[in-house]
């Protein structure tokens, strides 16, 4: 198998806007990500835990003291995002975002709530900070019944995320055991920077993929899933996808709901049908305004508002919407390209997308190659 | 029967916050209301049309050039509000608000769209301004099958509204033929001004009542409907209620959805159960910010934001919420108190609430009178 | 202080429909409730934990094998209900419902997921059953920072609930440390049985109250909170309320969302303004149909549907809606009447509603007593 | 220019499920469509009206006497659908569906309400039947300010629809003046029949396209809009798309909301970003159950329910979801392929998609042709 890499390492370009410097959610200043990967064997060398925790901080400060505007959207709701009601009601994100395995969200919530309590005396006294925790089901590979995620994993993920740095992709963190169109899935990220004439804003996306049935897979518009019909798992694990969208565009909460909906459209571009058993959930936030928890009521915030209403004229929203779709679509592609074949419990295996065959298909369809739109196949 | 008047004319006080100078939605600066009442007999002196049009302008300017933030809420959705999708998507109100009879919303939309076209060349060329039109069903009294509302009525309502002035209540405008808990219903309005420590904002409400079954009627918490069980119509007309809430508090669209929800709570305080066949729809807007249609993208709006997040401490939202509920509850009471017995098609009649009996009941329950909480004129 | 009891023990009647035999959510056949109350002192006799767990089983079977239709509604969303996305998407409830303290939902989810795993080998292998867990913040009395809820409490609550029996009210289970309009709150329950002409269905409600500011308290329509302004806590703890509504009426998921909304209206009748920091969440389910997890696709279910559409004629929905509002309003009253003064951490105290003063007020307002509508104890 | 036709006339295949006999929404038994096209010149031969009315009957009966289950979904809400609140609340469609120009929805509503009144004496007496009317803005070509749609057009559309027959595509009815990715848009339709192992259900879609910016156009996954960048209109008219999805699968209202959401995904597959000024609205209904308006309450309906819950096993929902996306995607393609270059007011023109260039592009990308997946005409 060819070495793994990101879409652009192989010349594959999704969409028309340019990525940011790292082509990562971390291109939105202040956003940091940390992964703790849990992969260990059971007695007798049998595969056991294939799971993990991913933590995202929305900025370098303390989010429950300086909240950011946020909104959510649901492609298909067979999945959970603890904190969704509060985000929808107040339009504010006030905690790090934790991703993990479906059966582990209790443990991760508990550990995060305690972690905050240890660091801030207001937790449980003058305030109750309920962290945002969300999940995908990794039980096809992961021995979920052994409940392998512990508080120590959560603490490490929160602290590693604080350290920032490059956002790792593939079989890491919450995506250690996940699938994607019946291939091995993973964490993927990407970003877009809008031209200055469109405001110059940055949009970044991070996905933790667990969605899709093989025949539906689209890569850069090519029906790749129909072309690579082998390398299937023993059972199709109806899955999910968590999408986090960050931007520095000064969007208000009702506008971030709209941006979150475009995050979902990025999944549809990859072939999602919002499958019945899938929890495809999107959380979008803006780092442009910080809403302090203890500011005087009625204080004036100088807010750069986008005018959402030019009719028959260019609006800033459309480029933001397109950029969000592109970033999510590319992030899913990066997840597929970076993830590697993984063996799990009971002989279950998820195969990596074979890059050589995928690239050959893209070339054949002239999505990649000298005749195509992508500059080169590297 | 005693002379009609408003709740406070008889000493009845709802809630604890003070009303504004006119105790009317017009206390929110710039908001104006106009009614055209259509009540005429058919050949042979038979009652015919019992309907009308009510128009509300959100400010003295041109709302499709200077929009205001808005949000909606639905108590029970068996009713329509043309424009609701646009308001929910953009968070903006961009037109006057028209209220009329259920079968007349087409005619009123058409007339309003034409009225705008006659005054603004952008209508239908560079822009399409779809007006907000909403309805209650007045066909119990009104000969709705004769489609009595014409474009001239709409034009007059729009122009009368521009003129401003006192907001008439009772059997006027869109509420000419409506019911309320099986009594005659009507237009009602009320307002609240918050103490300066709570921001000093004004909230105004206007209702066009057509909702409620007699046994459910609550007046200032008293189960008045159980005490006055006579004076019933031949048939209970399952109805609706349109509620418009205006404020000068600088709320954002997602917060105005919350305010609109409190408008619905005001109906519940009056006895609404959100009946199956009722369309109880609330539209809330804020006059505090105007969002120009043609401003440069990304311009800075200095916005006085309310901080929605003091936990264990007073927030500005709770007084705003309470004031909204109070204003709607009082507006419904004003509608009932002001409406007069009305005869309609086919011998149908809706009786006015008998004020003497209502007041006697309030006195007996010590909600009114020297022993009660209302200062009262007994 | 007078002995505690339920509203009807003192002759206080809310609404017009009759309660079921136990006037409890358990009047809906198959619904069972269990409480584990955690109240213990710290070293030195200082008050410590004031919290607990309440479990509700929707029927006597295994809910993840035989699901029931369900719907949710949110009065104000500053609170969480793990599982809400799945319920909204599929319209199905597939687990017991767990109520606990805000910071404990992680521990309770974890314990419930494990409890299921120990009893059903599909958990974490062929299926992932994510339990429904919801919360109110009890940190005003409870030493929440000590994270007192353990897996053993959860197991006991699940098993006690299985045993069924009388549903305890007041300071028990998840409501051990909660408030209600600045009095001590608690668990409350009530039910209604509709006349056979309205279908004869039963509706039951259970509330775990933590909502309301004193001046807003309404009891049977009387502004009791304004009349009893003493016995206040040191700080107003902006709170929440979890409402569970059960019925044997054969409602479909979209209709159960409507029923859930009426549960919220019951809170509004008690004085809720949907306060900014409150999480007032309603979950409604119907026991009339069981949807098996492994039935053949496309099988025919003979479903007794309510026809939701008689216009100008009685619908079954309106009595169901009214009954739901009444049951919730009475359940809140029962919680207040049953809860007892409770001391908590750091000298905080929540006083019980003084029943003698409350009843005196109801008598004075002729809501109770020989002159009033309640048969009463005068 | 090559002769127009449908995608499959040229060998272009979208998706993997087979179409029904007519590859049309009319493949769902009972669903009929009628168009009235209004295209006429003004004095001096100047182009004037470019608009029309499209009517859809959900079955051959009287829909306000026999309603069908329905649900809606919104991709972007800058557009209106009169009746949406009632559909969302009751889950029922009770009228024909009318599509027209944005400024004409008033006239069309009025005419439809009158048309019903003339045929059914309950209209406006014992009942008020509010028809479903929805819109796209055709003012780029259409002289909308002349308000060309009259009641006669509406009556004809309703009656032509009753006659049934082949569903015309392209520049007809409500789509006479619409755009699609800056080409001329139109009406398009398509259907899918599921394999019997997936239930054998039929899904049909009809679109009235007015959405999309050129660079975003995808045809069968190919970025066609980037390859054909000429033939642009003078101004990009930010538009909309109305999507109607019909099925004979026995879906309940909450499931039809899900199906409607997949209709929106079909637009995303064509390149929709849910543009800011676009109203992309989807209405889905099922013909499998008829809910009578005057049936006894509580009667038993034998309903074939889909079991929505096989985890790790095939569900009937996923094929239904995929089929819906495919049908909408193909319907949009058919609209583009069938629409012809149209001149309108003030020299504005929308060019037809050049089929030869489009097909050449599909061939080059091996989506069409001997090497490709389509059997094709090479």
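Order of writing sets the labels: A, B, C and D. Residues in every chain begin at 1.
By definition in this document, contacts are C-beta pairs under 8 Å (C-beta built on N, C-alpha and C of every residue); 3 or more make two chains touch, one makes a residue touch a chain.
What you are looking at is a predicted structure, and each value in this text was computed from that prediction instead of being measured.
Colleague: Measuring between Cα centroids, what's the chain most distant from subunit D?
Modeller: The chain lying farthest from subunit D is C.
Colleague: If you tally the C-beta contacts for B-D and for B-C, which one comes out higher?
Modeller: B-D is joined by more C-beta pairs in contact.
Colleague: Compute the distance, rounded to whole Å, between the mean C-alpha positions of subunit B and subunit D.
Modeller: 36
Colleague: Give, as an integer number of Å, the spacing between the C-alpha centres of subunit D and subunit C.
Modeller: It comes to 44 Å between the two C-alpha centres.
Colleague: Any idea how many Å lie between the Cα centroids of subunit B and subunit C?
Modeller: 33
Colleague: By the touch rule stated above, which residues of subunit D touch at least two different other chains?
Modeller: Subunit D, residues with two or more chain partners: 76, 89-90, 128, 258, 308-312, 315.
Colleague: Give every residue of subunit A touching subunit D within the complex, in rising order.
Modeller: Listed in rising order, the residues of subunit A that touch subunit D are 16, 75-76, 213, 215-216, 218, 221-223, 226, 235-238, 258, 261-262, 265, 268-269, 272-277, 308-312, 315, 317-318, 321-322, 325, 364-367, 371, 373.
Colleague: Quick check: in the complex, which residue numbers of subunit A touch subunit C?
Modeller: 74, 76-86, 88-90, 102-114, 117, 123-125, 128, 130, 133, 135, 137, 139, 143-145, 147, 279, 281
Colleague: Please name which positions on subunit A make contact with subunit B in the complex.
Modeller: Subunit A residues touching subunit B: 67, 89-92, 94, 126-128, 199, 250, 252-255, 258, 291-312, 314-316.
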